[in-house]
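My questions will all concern the structure given below.
Every chain is named by a letter (A, B, C and D) in the order it is written, and numbering of its residues begins at 1.
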Amino acid sequence: MSGLDGLYQELILDHSKARDGYGLAAEEGRTASSHQHNPICGDDITLRVRLDEAGGSIRDVTWEGAGCSISQASASMLVGLVEGMETDAATTLIGHFREALRSRGKILLDEDEFGDAAALSGVSKFTARVKCAMLAWVALEDAMVRA
Amino acid sequence: MSGLDGLYQELILDHSKARDGYGLAAEEGRTASSHQHNPICGDDITLRVRLDEAGGSIRDVTWEGAGCSISQASASMLVGLVEGMETDAATTLIGHFREALRSRGKILLDEDEFGDAAALSGVSKFTARVKCAMLAWVALEDAMVRA
Amino acid sequence: MSVSTLDPVALRADFPILREQVNGQPLVYLDSGATSQKPQAVIDAEVEFLTRTNSAVHRGAHTLAAEATVLFEDARETVAAFVGAPAEQLVWTHGATEGLNLVAYAIGNATAGRGAPASARFALRPGDEIVVTEIEHHANLIPWQELALRTGAVLRHIPVHDDGTLDLDAAAALIGERTRVVAFTHVSNVLGIVNPVAELVARAKAQGALTVLDACQSAPHLPLDLPALGVDLAAFSGHKMLGPYAIGGLYGRADVLEDLPPFLTGGSMITTVTLDEAEYLPPPQKFEAGTQPVSQAVGLAAAVRYLEGIGMDAVHDHERMLEQRMREGLRQIPGIRLLGDTPDGIDRVALAAFDVEGVHAHDVGQFLDARGVAVRVGHHCAKPLHARFGLTASVRASASVYNTVDDVDVFLDAVSGVRAFFGAGA
Amino acid sequence: MSVSTLDPVALRADFPILREQVNGQPLVYLDSGATSQKPQAVIDAEVEFLTRTNSAVHRGAHTLAAEATVLFEDARETVAAFVGAPAEQLVWTHGATEGLNLVAYAIGNATAGRGAPASARFALRPGDEIVVTEIEHHANLIPWQELALRTGAVLRHIPVHDDGTLDLDAAAALIGERTRVVAFTHVSNVLGIVNPVAELVARAKAQGALTVLDACQSAPHLPLDLPALGVDLAAFSGHKMLGPYAIGGLYGRADVLEDLPPFLTGGSMITTVTLDEAEYLPPPQKFEAGTQPVSQAVGLAAAVRYLEGIGMDAVHDHERMLEQRMREGLRQIPGIRLLGDTPDGIDRVALAAFDVEGVHAHDVGQFLDARGVAVRVGHHCAKPLHARFGLTASVRASASVYNTVDDVDVFLDAVSGVRAFFGAGA
């Protein structure tokens, strides 16, 4: 079952339980939220981003929602990764993430750039699961635009 | 081209030109008409039957219309065949004709029963042409019901 | 092939895809509720048609066209007979979704004053009621929602008991004077329960309402006699019954098909056309605009002959046996909740949907897939039913003629490992 | 296979049916306007899919479902690119008839207040005008008649000149302020003339009218760039372009697809559904209710790759050559009247419809069939056009990539014997 282990790495199963950033923080300062929904499996997420006063960087990201372990782990991993990051850099990061996940296994996520989330590389080969992994990232992208 | 000659026997080509009974007779006594149309090829016929006073037998059959040589010949042949025939017998005859034509070549039209129209036996193998040959006969069947 | 009890191990040889491996494991295909696999005989019938006879039907006088027309109309007779109907009462569609939309739109057209004078009997007035059930597939729900929204009719829903059976007392109260249409499924694609068609039809008929049956999940699995069931209209899909994609049937009572206005319009369904108006052929052609799914009709006839070769009683017995083994096995696995777990004695098809406590359906499906077991996860196009059971998704295993006891056992063994893998429960 | 001029003799080997005999004669198939024959590559693509990957798309997480989804969406990209469009602007349909009905019904739904607020821009008011042409196939005529009759809109028709070209002066006068839709064919299936799309689109756009193109008879025969043509919507059928039955495409401008309400409703086209209401996915899924023609999409992609392998310019050149030989030959046979016999310089596809003086079209067809030549006879689903030329039926020969100069010559030789056989003329 190498395929399965490649998808569900320890780190993913751990994050899917830990769920960093779960529970929406209060709306405070420059805050924006995004609700995303995957009609195929019914997964959904509400993600909130709070920016610094100038709007140039991310104070924190919190979220709520239900979904499979990939979507939960992916949201949890995202939280640690983008805290304190410049919004421009976060947008670039999300672009790289999307590109790798849509590559059908051809592009791996770099550990230096993606930290724990690099464990999501394996999802890229499972085309039906790419949307699960993307859900939180799309929500952040959308929220930053509105913030 | 035995197939083609089997379909277009001399008798058929002759009848398609002679068109016995062409031109509708005046409505007189027990008269009824029927209009039939083949939507696939656009052929149509208006056929008029005049019965004797008791309504038990056919005085004459006349018709007008446009269509392929099979449909024209078939109408022409029908005219001579049923003149003077009892309506019941004509109904039976039409039933036999339909059965033979739908038999995909298995049932031949008997010359004693069908006269010149027996030459239409060959049509039965050409499923796309069965409706052409039937057009006048269906019109007569319908007209007799209304008469 | 004319066995009275079905030997799935022998049948499997007829299905080339079942020789495939998935993730290094032999394929255990338990997703026939979504789409069935096709026997070689069906594939061959289509290929034979395409390589020897292919041409447009009902339109040409040339030899191929005539031969193709004969094959196409013979196929109609074969498929109609399979559901107990004469050929002229079977309309070809591209599937159940199109068949159900056809009925809803035709009623909408009657409401807009289209069709023959007799079509007026189907016209809806604001306040008229359309009754469906809470367990419907979206294909037998949304077309009625849209029809109601377009016409001012009111949509009402027969509720479902906790065990998955329909609440017939509520149905009796719901179906009343204002009811004009009662649309319901023969077998739910989530619950697998065979619904009491006769009772619902009797109630609808007593009120003069039109009955529309979704026979998608029954046609592949049980002997079906639609005229005997008394429904006015019934839709099914070829691809779920060992046939090709993009072909299906809509059965209708003769007078209903006669009086309903057409739905799709175009070629091959008219008698005369001027620039401003058209007159329509009698049914079934009235409902068959445009080039028909010809090779697919021939393929579906081959599928039906294949099923008849086995015998639909044998098919049903075999699937009941699988279904019982599946449900009994699932009941013994901790943390499994079955949807529609009826007591014994209620007729069913071989389908079980369930929730695994603490593990998302998507993850369950992925875990099973790694063992070669193909099941479906999600809401199975029955969101309201899932909501009724407090879920957004479930896992569904659904079997067909080619599934064996071994398939069920591999599936059960895999399911029993799910919670440990994902660290759910103890 | 990447030749720049087409070698039909070599290509014929790819089409198994062309090895058949009809009435003891080699088959000369000149009925591609009705439906084309399929190369082995198309048949193989479908069989390969059905025997190795078959499963429901967009619905399962298991391996086969994921692979099938990838193949299905890749097919969309391939077919979309063939008509110059991005994948998300190509809606799968079951054929042009369904595609054109989709547009007419979606407009009807907008008129009934359905869809998003932006859908209101398509709503018709009584007195609004829909403009079609006198040369349309019933599939691009009757849906508009019915829409007009349901909504109170008025249907108007652009007339045709005696030589088969559209009367553009009349078009300029007809298309006005009240015009909301202009629907016309790219190439008539009776005349074979390529219509001036750009001019008609410009007139329609100047009035803010929606343009709908019937690309059925152009897609198989010429390089097509639908966005460049500027039409809002365009429909075509797979079975006419070497692909399977029961699959077709509807191209749409992004904003038009976005704002049109859905047509068929059911599974796989929704985001949320409650018992009373549904919300819809973005296009193209919004228009793709129910199980899609999956193997057929894969087959159509193979057909398109086959055509691209030849090159659509080479296809068009080859067919123009055949067309010229056909028309020149027919002109020399006494008693033949060509429909739409345009002067040189007007672009055409390889199709010629004609009347034989004194011999009914059915008889002509039968005579040709005996020589192995398959042509179509009748009104070709264009009754008003035939009426315009004072006919109820004609004979139509239509060629495709696999037809040779020899085919045309056998055909011409057979036609020249018709009148003598039936004793017409001298």
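Things to note:
Going forward, a contact is a pair of C-beta atoms (placed from the backbone, for glycine too) under 8 Å apart; a residue touches a chain by one contact, two chains touch by 3 or more.
Labels paired with UniProt names: A, B = Fe-S cluster assembly sulfur transfer protein SufU; C, D = cysteine desulfurase.
Worth saying up front: this structure is predicted, and the values here are computed from it rather than measured.
Ranking every chain by how far its Cα centroid lies from the centroid of chain D (cysteine desulfurase), the top place goes to A. Computed centre separation for the pair chain C (cysteine desulfurase)/chain D (cysteine desulfurase) is 30 angstrom, with centres defined by C-alpha atoms. Chain B and chain C (cysteine desulfurase) have centres, each the mean of its CA atoms, that are 45 Å apart. Chain A and chain C (cysteine desulfurase) have Cα centroids lying 38 Å from one another. Centres computed as Cα averages put chain A at a distance of 78 Å from chain B. Residues of chain D (cysteine desulfurase) found to touch two or more other chains are 23, 59-61, 65, 270, 272, 362, 366, 377-378, 383.
Multi-chain contact residues, meaning those touching two or more other chains, occur in chain A at positions 40-41, 126, 129. Under the stated contact rule, the graph of chain-to-chain touches falls outside the line, ring, star and complete shapes.
Contacting chain pairs in the structure are A-C, A-D, B-C, B-D, C-D. The touching residues of chain A, counted against chain C (cysteine desulfurase) in their complex, run 1, 3-4, 7-8, 13, 17, 40-43, 66-70, 126, 129, 132. In the complex of the two chains, the chain D (cysteine desulfurase) residues touching chain A come out as 58-61, 65-66, 69-70, 270-272, 281.
Within the complex, the chain A residues that touch chain D (cysteine desulfurase) are 37, 39-41, 104, 126-129. Across the complex, chain C (cysteine desulfurase) meets chain A through its residues 23, 359-363, 366-367, 370-371, 377-379, 383, 386, 392-393, 421-423. Those residues of chain D (cysteine desulfurase) lying in contact with chain C (cysteine desulfurase) across their complex are 16-17, 20, 22-23, 27, 29, 31, 34-35, 37-38, 43, 46-47, 50-56, 59-65, 94-98, 100-101, 105, 109, 112-114, 134, 137-139, 141-143, 145-146, 149-150, 155, 157, 237, 239, 244-247, 264-268, 270, 272-278, 289-296, 362, 365-366, 368-369, 373-378, 381, 383-384, 387.
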